[in-house]
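What follows is a group of structures, each given as structure tokens.
Below are two complexes that have chain A in common, paired first with chain B and then with chain C.
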Partner chain A sequence: MKRPKWGFWVFIAPALIAFILVQLIPAFTGIYYSFTDWNGIGNEVSLVGVRNYADIFEDSGFWRSFLFTAVFAACAVVSLNVVGFFLALLVTQAVPLRSLMRSVFFLPNLIGGILLGFTWQFIFTQAFDSVGKALGIPWLQGWLSTPATAALGLLILVTWQLSGYMMIIYIAQIQNIPDSVMEAAQIDGANGWHRLTKIILPLVAPAFTIGLFLSLTNSFKMYDQNLSLTGGGPYHSTEMLAMNIYNSAFKFNQLGIAQAKAVLFLIVVAAISLTQLYLSKKREVEM
Partner chain B sequence: MKHLKRMLAICLAAGLGCSMVTGCTDSGKNNADKEKATVDIFQFKVEVNDALKTATQTYMKEHKNVTINLETVGGGDDYGAALRTKMSSSDQPEIFNVGGPQDIVDWKKNLEDLSDQEWIGKVAEGLLDDVSDNGKVYGLPMSVEGYGFLYNKDIFEAAGIDGESLKTYQEIDQAFGKLQEMIEDGKLKDEFPVLEAVMEYPVKETWVTGMHTANVSLGQEFSSATEAFESESIDFKYGDQLKDLIDLQVKYTSSAKTPSNLNAVDYSMQVGGGYAIERVAVIQQGNWVYPEIKNVDEEVAQHTGMIPIPLKGVSEGNIPVGVPIYWSVNSGSSDTDKQAAKDFLNWLYQSEEGKKIVVDDLGFIPPFTNYGDLAPSDPLSKIVAQHVKDGTIAPWVWTGAPTGWAQESLGVNIQSYVAGEKSWDEVVRESKADWEKARK
Partner chain C sequence: MGRTRMKRIGLFLLGSLLALLFLSPIWILLINSFKSLKNIYLDVLGLPNRDTFLWKNYPEAFEKLDFATSFFNSAAITISATVLILIFCAMAAWALVRYKWKISNIIFLSFAAAMLIPFQCVMLPLVSLMDAMNMMNRPGIVVMYLGFGASLSIIMLHGFIKNVPLELEEAATIDGCNMFQTFFRIVLPLLKTILITVAILNVMWIWNDFLLPQLMINKTGWQTLPLKTFLFFGQFSKRWDLATAGLLLCMIPIVIFYLFCQKYIVKGVTEGAIK
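And then the complex of A and B:
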């Protein structure tokens, strides 16, 4: 019996309509505006060709943000996945209170980025400072006031917030590894290190594909934590791409240029994450 | 005939009744069959949200045909972005806020000409310049504010310094130096245990540095925001004096030895967590911080004075005074709603009841000349009002700078300067270049 074709469209329609309305159409109007000089207020919009794109290449602020975002994303991907993976390893062992620990590690992920940013801002600027003053440790003082401490602060915040989420992904995959495989390895005399590198890591590879993808795109697109923790400061040194784009649009009233940056941003993020997906997929091991 | 007399009496009584009702309103039009009007206010001054809400309710009680909805979105940038969203939606506000010449150009299409309003002639001199274009006025000044060096009178007294007499850069520098020495020697430790430095300077807040501190210098180069707005370039005529003013404020903070730390100091560390708890004795702020200080320590708030912020050898003894924001009426609204919006603004700023609300509840220094004896009650506003009266004021010009320039260019460059990343010459050169680039 052949199912009627209309059924397919009826069921896909809600999602499709929503996708077209809030994703596809705005994306295309966005691309259109990137070729205009719109300031975001009036109705006066005139086409300026590729001038916005040409301007971006001379905008040193944009490229500084770009570089910072790329370096930051690279560091965040490593720290998020390493911490997430070891947390997962920890809570899948026979340790006491492990289900409580799972919840605790996951909890920061449930708090909004803005709130977390302000909380950590307090910790860095007040708590760190007080401890540093009391114990006479100079490097604990003046956090977030230099580019290095601000960037490091951001990294700590993101790792703290998102590694719990990565942990959940890795837990699922680690629990999928059959006990028989581990047992066989143990009988054959594989020690902990061998089991980790030769069995667990290869079998967890599919989760790494997802983990890397999520952490990469998340840290590239990050905005709220950036805004509330450092606001891009000091002197724009921790201004990430999303914030740079927002600022061009709403602080400088250059919607056209901001859209051009956003289009470029989209292309770069898509290219990087698709490449990463492709490369990671190739390394996965089928059971 | 008797019948006619009675009719006449009824008519007269009714007429009297009517005029009594309308007597309470300002429009003076017949109230009974007025059309229903809705006025949406979209404003940005968070501090007055509650008081303004009460004012609208008072107004609505007297004007049954008018419904006023108040919506507040705080902070400069957020308000700008939110207003844009509002204006491109179908739910446009009738009354909104504009900041200065750039906003007037940007929002031109949405701005109702207010030149025919009753209050026009009563606005204090010069306060309409930045919202006028071709003889038309597009905004009603919300209030007048001023800033300088706020100082703790108790601490100054304990140190034997007379804050009132400080005017010139030299005098201020010497007094602060003396106070700093006493703090370091622990002479004030018993009375003020947490006092650790003379000043706190929030370099992180680029509006404090790039707008307010810089304005002390730029306000002498340009006579008004409009003049700055029309200028293709900026010379930093008093750039060296601006450098001195920044150096002065950095020098007397607890971060004087590691000035880059100031890049993490924000508004709350300066006001609530600095001045109000007597951790520092002086801050560069304006009369708007009074409620904030009062919330922490009423006595400190009451015992606060204001030293005129000096531009070494150029403008000393003056307080920069200006209008933070203006009320505008949306020209795209229906005529009934527009009229109701204008009536409300006129009532708020010109009726006897409204004047009291403006001064007592909203805590504004009135931007009008016909407020008589009504004067703000908090000590900071009083000082600012006195300077306005004496004419010892300087203008606010930053709204005339290119969009985003004051904070994102100059303010950020000052951060680099304070951190030692850039020399002052570089700051001046780059900020000049950004201004010219934006004006191209």
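And then the complex of A and C:
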């Protein structure tokens, strides 16, 4: 069918223009700014070569933040996927009220990060504290004021919020397993453990790639929850990368440096996502 | 049969316990939203009794959050951005599928590649660009959501349209429909299921988005609910009586949305994750 050339441009223009305006232009100017002394106030912007990047290498706050983000993301990947997979297994069994349970487990996912952070701030600082006092358990008190418990609090929040999301992904995959396979295994005398390890786990493996990377990128880029639960405290110990970038831009007005940090952040996030793409394409070929 | 039954009861108990655990933070907010600040400090986990029960946290939080205005801003921005995304991204995806020339591939790949870019990376230049273009206002942020939402939406629509047969469109063209008539009367209705999925995914992130409104429309009267909640906490950081009520007020619209659209939400989330 012959369609006029202008038709293509008319149809694509609105989305494309908005996309170029808010993503492409800022992405490229952002890379440029990372090589300048941009401070956001004066109009004079001059190139400074790789000085911003060199400064970052000596910025111990940035590397502490980087390390914390990486460790946190690794822990979150484990806890989200273990809990999510477990919940998926549970609600795919013949259990009464399982669809209600599924709805409950998924609910926190819809509530935004800011609301969740403040909700858990109340739980940790008030509810935990009062239980700790009543039962005389010291480690339940002052939960967000030590680095270790603040980090653990963030991990609990993220698990509460996102394990339902992981659950949904795993449910889809578990339900794809043909009933005939499960029945055949049952007739052959496979017990529950064997069905789990020999049938369900191998057949759910493709979803693990998705679940792993989704949770990894999500926790790597986390900002709202971080801001509203701990605000990076105590003493910047829970300041994740996104917040570190935000602070160097808006608290310290070092926009060039913030932008250089953002470029490094982009490289790490893109590397993670491209690895995922590579792995899932490879698997598709194998299958 | 006895063992199966025992197992079912065991799993049911375990599941119910977990469900209660998942709901407990919201439950704790709820019981404390009916207490005075003093009573919250005295006893967090206890139920409010007849003497201490009070309603007034809700109207007060409603007022302090400027709830009606913030809700209106959130709803207006979310709905208009989602409608724009649906129409313009469907148009773009359709053109990208139906025009099989090289530029279609290049544009499609740029949309896909942009999904790798974290927001922090474009945030600072975006603020100065939008400031220069006088777009730091509510209509402006709708355009920004179109730009940010386009990538995922176009990828999902593109995948769906690829499988829509061409015959209907050809017939329409022969009958004298121009491109717009063909698209809006023939193609768009065929996309209903995927449009619902795309709408749900966009509503969920735009409604809850915090950083973009904070950077772009942080002015009295323009603030969205997440932004207003954040400011409210900055102002009344230790007022947990108002805060618990305020947090619950903000959760009500989300829970209502969930109750009505649960089926579509779960479907949308599953498809969005797998893309």
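Here is the rule we go by: the second predicted complex is superposed on the first by the 255 of 287 C-alpha atoms of A that agree within 3 Å, B and C clash if a C-alpha of one lies under 4 Å from a C-alpha of the other, contacts with A are read in each partner's own complex, and residues count from 1 in each chain.
Rule of thumb we're sticking to: a contact is a pair of C-beta atoms (placed from the backbone, for glycine too) under 8 Å apart; a residue touches a chain by one contact, two chains touch by 3 or more.
Just so we're clear, the structure is a prediction, and the values are computed from it rather than from any experiment.
A.B. asks: A:142 in the overlay: touching chain B, chain C, both, or neither? Say first, second, both or neither.
C.D. replies: In the superposition, A:142 touches chain B alone.
A.B. asks: With the two complexes superposed on chain A, say which partner A:252 touches: chain B (first), chain C (second), both, or neither.
C.D. replies: first
A.B. asks: A:197 contacts which: chain B (first), chain C (second), both, neither?
C.D. replies: neither
A.B. asks: Would you sort A:105 into first (chain B), second (chain C), both or neither based on which partner it touches?
C.D. replies: A:105 contacts chain C only, not chain B.
A.B. asks: Touching A:96, do we find chain B (first), chain C (second), both, or neither?
C.D. replies: second
A.B. asks: Is the number of chain A residues in contact higher for chain B or for chain C?
C.D. replies: More residues of chain A are touched by C.
A.B. asks: I'd like to know which partner A:40 touches here: chain B for first, chain C for second, both or neither.
C.D. replies: A:40: touches chain B and chain C.
A.B. asks: Classify the contacts of A:186 with the two partner chains as first (chain B alone), second (chain C alone), both, or neither.
C.D. replies: neither
A.B. asks: Following superposition on chain A, which residues of chain A contact chain B and also contact chain C?
C.D. replies: In chain A, positions 40 sit in both the chain B and chain C interfaces.
A.B. asks: Flag every residue of chain B that touches chain A in the complex, lowest number first.
C.D. replies: Where chain B meets chain A, its residues are 77, 80-81, 84, 87, 106-109, 204, 255, 258, 260-265, 269, 403-404, 407-408, 412-413, 415-416, 419, 421.
A.B. asks: What residues on chain A touch chain C, complex-wise?
C.D. replies: The touching residues are 1, 3-4, 7-8, 10-12, 14-16, 18-27, 29-30, 33, 40, 87, 90-91, 93-98, 100-101, 103-115, 118-120, 122-123, 126-127, 129-131, 160, 164-165, 168-169, 172, 210, 214, 221, 223-224, 227-228, 241-242, 245-246, 249, 255, 258-259, 262-263, 265-266, 269-270, 273-274.
A.B. asks: Provide the residue numbers of chain C that touch chain A in the complex, in ascending order.
C.D. replies: My answer: residues 8, 11-12, 14-16, 18-19, 22-23, 25-26, 28-29, 32, 40-41, 43-45, 84, 88-89, 91-92, 94-96, 98-99, 103-104, 107, 110-111, 114-126, 128-129, 143-144, 146-148, 150-151, 154, 166, 169-170, 173, 179, 183, 204, 207-211, 226, 229-230, 233, 240, 243-244, 247, 250-251, 254-255, 257-258, 262, 265-266, 269-270, 273-274.
A.B. asks: Going by the contact rule set out above, which residues of chain A touch chain B in the complex?
C.D. replies: Residues of chain A touching chain B: 39-43, 124-125, 141-146, 231, 233-236, 247, 250-253.
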